[in-house]
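Labels run A, B, C and D following the written order; every chain starts at residue 1.
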Amino acid sequence: MTIIPLYIAIPLISAFLIPILGKIYKPLVWMFSTMVSFALFILSLYGIVLTQETSLIVYKMGNWAPPLGIVMAFDSFSAFMVLVIAIIVFACCLFSIRFLSNYTGQWKFYTLFMLMTAGIMGIVITGDLFNMFVFLEIAAIASYALVAFGLKGEQLEASFKYMVMGEIGGLTFLLAIALLYAKVSTLNLADISMSLQTIHGTTFFWMVLGLIVFAFSIKAALVPFHSWCPDAYPAALAPISSLLAGVCTKVFGIYTLARIIFNVFAVSRATDPWFFNILIGMGLLSIIFAGLTALNQKDYKRLLAYSSISQVGFILLGFGIGNYFGVVGAIFYILAHGLSKALLFFTSGSIVHSIDKTNIADLSGLGEQMPTTAWSFRIGAMSVIGLPPFVGFWAKLFIIIGAVKAGMIWIAILTGALSILSLAYLLKIENNVFMKKTTAIIKGTPFTMRIAMVFMVVLIVVLGLGFQPFVDFIIGPAAHALLRGVEYAHLVFEGVVTGF
Amino acid sequence: MIIFVSCILLFLIGLYAIVIKRNLIKIAIGFALIEYAVNLLFALVGFKRGALAPIITQIDTPHHFVDPIPQALVLTAIVIALGTTALMLTVILRIYNQYKTFDIAKIKKLTG
Amino acid sequence: MIELYLFLGFMLVAAIIATEIKDLLAAVISLGAVGFSIAIIFIFVQAPDLAIVQIVVEILTVVVFVAVILRTTHLDETIGKKLAGSQILAAVLFAGFAVLFLIVSIRALQQIPAFGHATMKVASEYIRIGLSQTGGANLVADVILDFRALDTLGEATVLFTSVIGVVALMRKTGRKK
Amino acid sequence: MKGMSAIVKSITNITIGFIFLYGVYIILHGHLTPGGGFAGGVIIAGVFVLKVLAFGVDKSAEKKSSTIASIFESIGGLLFVGVALLGLIVMGTFFLNFLPKGEPFRLLSAGIIPLCNIAIGIKVGAGLFSIFLALAAVKYIMED
């Protein structure tokens, strides 16, 4: 039996079950959620195996052929994204168990968490434009509610700001869908891609693509539209910050943008270099502006939020380079940044759980008292900066190789040089928070939180050391899936259909 | 053409309320307006002059209907809009309970 | 089509009133007027399903808005105050953006089929096989519950999400002491 | 929340059954006429909203009805996913319309469409009623 709809159905059914379970016996809720997220993790590994055999699996909902019904198009890029999502969701679930013991309304948290998971999974699997919008809204609405979950003034305010910006993005996307539908009269991504071939390069084409890029740059928190991000990440509870920074912005903004640019609008560097130069420009703007702002931050989580914006810039840079190595680097970076940034937000959560402060000036000397947290921070930070042998280094290296191969030497040099910015702001935390001496007695980090951090550390180190097979078997095919452009449409129509 | 442009105008009125107004309820109203504008535009592009509503009443007559797909999609979009509006109003209500005002200039715990 | 223009004009006027009036209750009622005129426009463009849903949703939206306003205040204190410097800047930026957006969208709207001439590539297929393949006479119901049922599952989930979100945010306290 | 005057109460008493019946009609005929699960569900939610506005509720009743509404909502959602999964289990495709299509224009036709309409109706009715209760009636929802 095929498993592709289960990626959506499993979290969805558990979201519907959790309110009932919560009324029967409260601890059942977290046990159930952790089990479900672990099951998703196992299933996502199986998804990778599936895409090794066939390059694109088409699942027809209700058995309607592609332009009629909604199809799920599961290729190597989707499989890779599902894997990243499942890893981080599992870790966040593990981390939430004890973190939430300070908060009320646990079943509501887990229900929203599962709905968000279902939404994110749906975005990466679906092969239909409007369906993508619907899943985007599910995940977005769940995340607005989760940001405000603590009910403090600044959390409500951050949630409102996030909601305003996010909904402008979402509705702009809907406007673009409406215009596109009026023109091509179909909603299937593959079918749209075929129809757009005839009007490639017209005003209409660029106008709609412009609307879509605008919508997703808000969702991805790229620099001119980033203002919700440094409020929402610090305000949210730590596991939610990890999830938002680790996968949400990547899936809401970057995955959708990459899929639509490469596979649907089938723009490539060969035909339209200026468009890709704009992407590079947006990436560089994010890296430099957010990196410099991060240097001045006084709050632990706020600094990490700016660092996140700056790192998303690197991903966009990779896609903007647009050749095989650049795209491999960008895709690798999604994983590397997801793991490292989720880990860094875990460390902030562990500090909040123990002493309930996030101002860098108020914290000092935690290195001795909280060794697991301190070492997790150091490894995560080294991966973000891009030091070998951690996973972040290889991702950055591929982007640099891509830039060199494309003949953009100055981009390669800038990419290397701008890592110093990350080094600077992360050293600030290391020096102030973890290095100095302190006499304060601090309560230890709970076991499950440490497990979650160690899990991420192990992944960062193992994937860093064994990057070669990982790139060959998972990321390389994912990059090919993106770069095959309009070929995607033909594959969907002839696609392999799995069933009994 | 004028019909489509009036949808864009409604969109801009809503955007104006979101960007310029400082009252939280007005911002929520702006959102409702933008949602209406997009829904209306979407429903209008599926219209066909002289065609009937897409409901079959007799089997054998030739069918000359308007496009049913935008109607189905707008149905979904209306519900999504309702969900967003309800959540937004809840956040607004909680903000009011803490700050006793709807004026965003007075609600400034966050910097930047 | 004169009635269509009439209601579009009414809709725009009501929208401007909704954003500018000082009394928030009146603003919400104007919002209701916008919603109802849209429901009537839906009837003109042969979309009875949409008209029904728009009317019931509009009623519920207004009820929820009024419920919130009755629990708080119904005066918009920000109207009539002197504009701050940042606001004037925002207004100028917005005006520029609005003009640009209008020009670009008119260019784009000129390239889609004119009003009343929908292309209907996939839709004509639905009309052809809808009744025989799904058995439902209402083609919109066929589309949302059979051809595109996943969207409807998503729609129901969005509503569920927002209900859980509302319930979660109306808790008494966020943290245990 | 307090109730309203005797006139409102007696008129509500008379109309409430008809409105409910109309909601059920809209849901059941969703595949034949305009309307469907969503519109009918909102009308059914409207019945309960009207009842609460006219008669008022005390605190314990509020808590009880919001619990019942949330359970019904979960049940509606599970029913909908259940229909979809039945397609997967019976015929191997998610959301397959696996039931016989029946004769056109009859109430019992169109396979799973009426079932889905009923599931959505339950879910939407319960969900919107709990939104109303949370925003309008209850001071704050008490801790679970």
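Here is the rule we go by: a residue touches a chain if its C-beta (ideal position, glycine included) is under 8 Å from a C-beta of that chain, and two chains touch if they have at least 3 such contacts.
Note that the coordinates shown come from a computational prediction; the quantities given were computed from them, not determined experimentally.
Undergrad: What is the chain whose Cα centre is as far as it gets from that of chain C?
TA: A
Undergrad: Round to the nearest whole Å and give the separation of the Cα centres of chain A and chain B.
TA: Roughly 28 Å, centre to centre.
Undergrad: Return the distance between the CA-based centres of chain B and chain D, expressed in whole Å.
TA: 23
Undergrad: Provide the C-alpha centroid distance between chain B and chain C, rounded to the nearest whole angstrom.
TA: Roughly 2 Å separates the two chain centres.
Undergrad: If I count partner chains per residue in chain C, which residues reach a count of at least 2?
TA: 48-49, 53, 57, 60, 64, 68, 71, 105, 109, 112-113, 118, 120, 122-123, 126, 131, 137-138, 140, 142, 144, 146, 148-155, 157-163, 165-167, 169-173
Undergrad: Give the residues of chain A that touch two or more other chains, as numbers and ranges in rising order.
TA: Within chain A, the residues that touch at least two other chains are 12, 15-16, 19, 61-62, 104-105, 130, 134, 137, 141, 144-145, 148, 151, 182, 185, 187.
Undergrad: Considering chain D alone, which of its residues make contact with at least two other chains?
TA: Those would be 32-34, 38, 70, 73, 77, 81, 84, 94-95, 97, 104, 131, 134-135, 143.
Undergrad: Which category does the touching pattern between chains fall into here: line, ring, star, complete, or other?
TA: complete
Undergrad: For the complex, which residues does chain D have touching chain B?
TA: These residues of chain D touch chain B: 32-34, 38, 104, 131, 134-135.
Undergrad: Given the complex with chain C, which residues does chain D contribute to the contact?
TA: 26, 30-36, 38-39, 42-43, 45-46, 49, 66, 70, 73, 76-77, 80-81, 84, 94-95, 97, 101-102, 104-105, 109-113, 116-117, 119-120, 123-124, 127-128, 130-132, 134-136, 138, 140-143
Undergrad: In their complex, what parts of chain C are in touch with chain A?
TA: 104-105, 107-109, 111-113, 118-123, 125-126, 146-151, 153-155, 157-158, 160-162, 164-165, 167-169, 171-176
Undergrad: Spell out the residues on chain C that touch chain B in their complex, using ranges where they run on.
TA: Residues of chain C touching chain B: 4-5, 8-9, 11-12, 15-16, 18-19, 24, 27-28, 31, 34-35, 38, 41-42, 45-50, 53-54, 57, 60-61, 64-65, 68-69, 71-73, 76-79, 84, 87, 90-91, 94, 98, 101-102, 105-106, 109-110, 112-118, 120, 122-123, 126-128, 130-131, 137-140, 142-144, 148, 151-152, 154-155, 158-159, 161-163, 165-166, 169-170.
Undergrad: Can you check the complex and tell me which residues of chain A touch chain B?
TA: 130, 134, 137, 141, 144-145, 148, 151, 153-154, 156-161, 163-164, 167-168, 171, 174-175, 177-178, 181-182, 185, 187, 227, 230-231, 235
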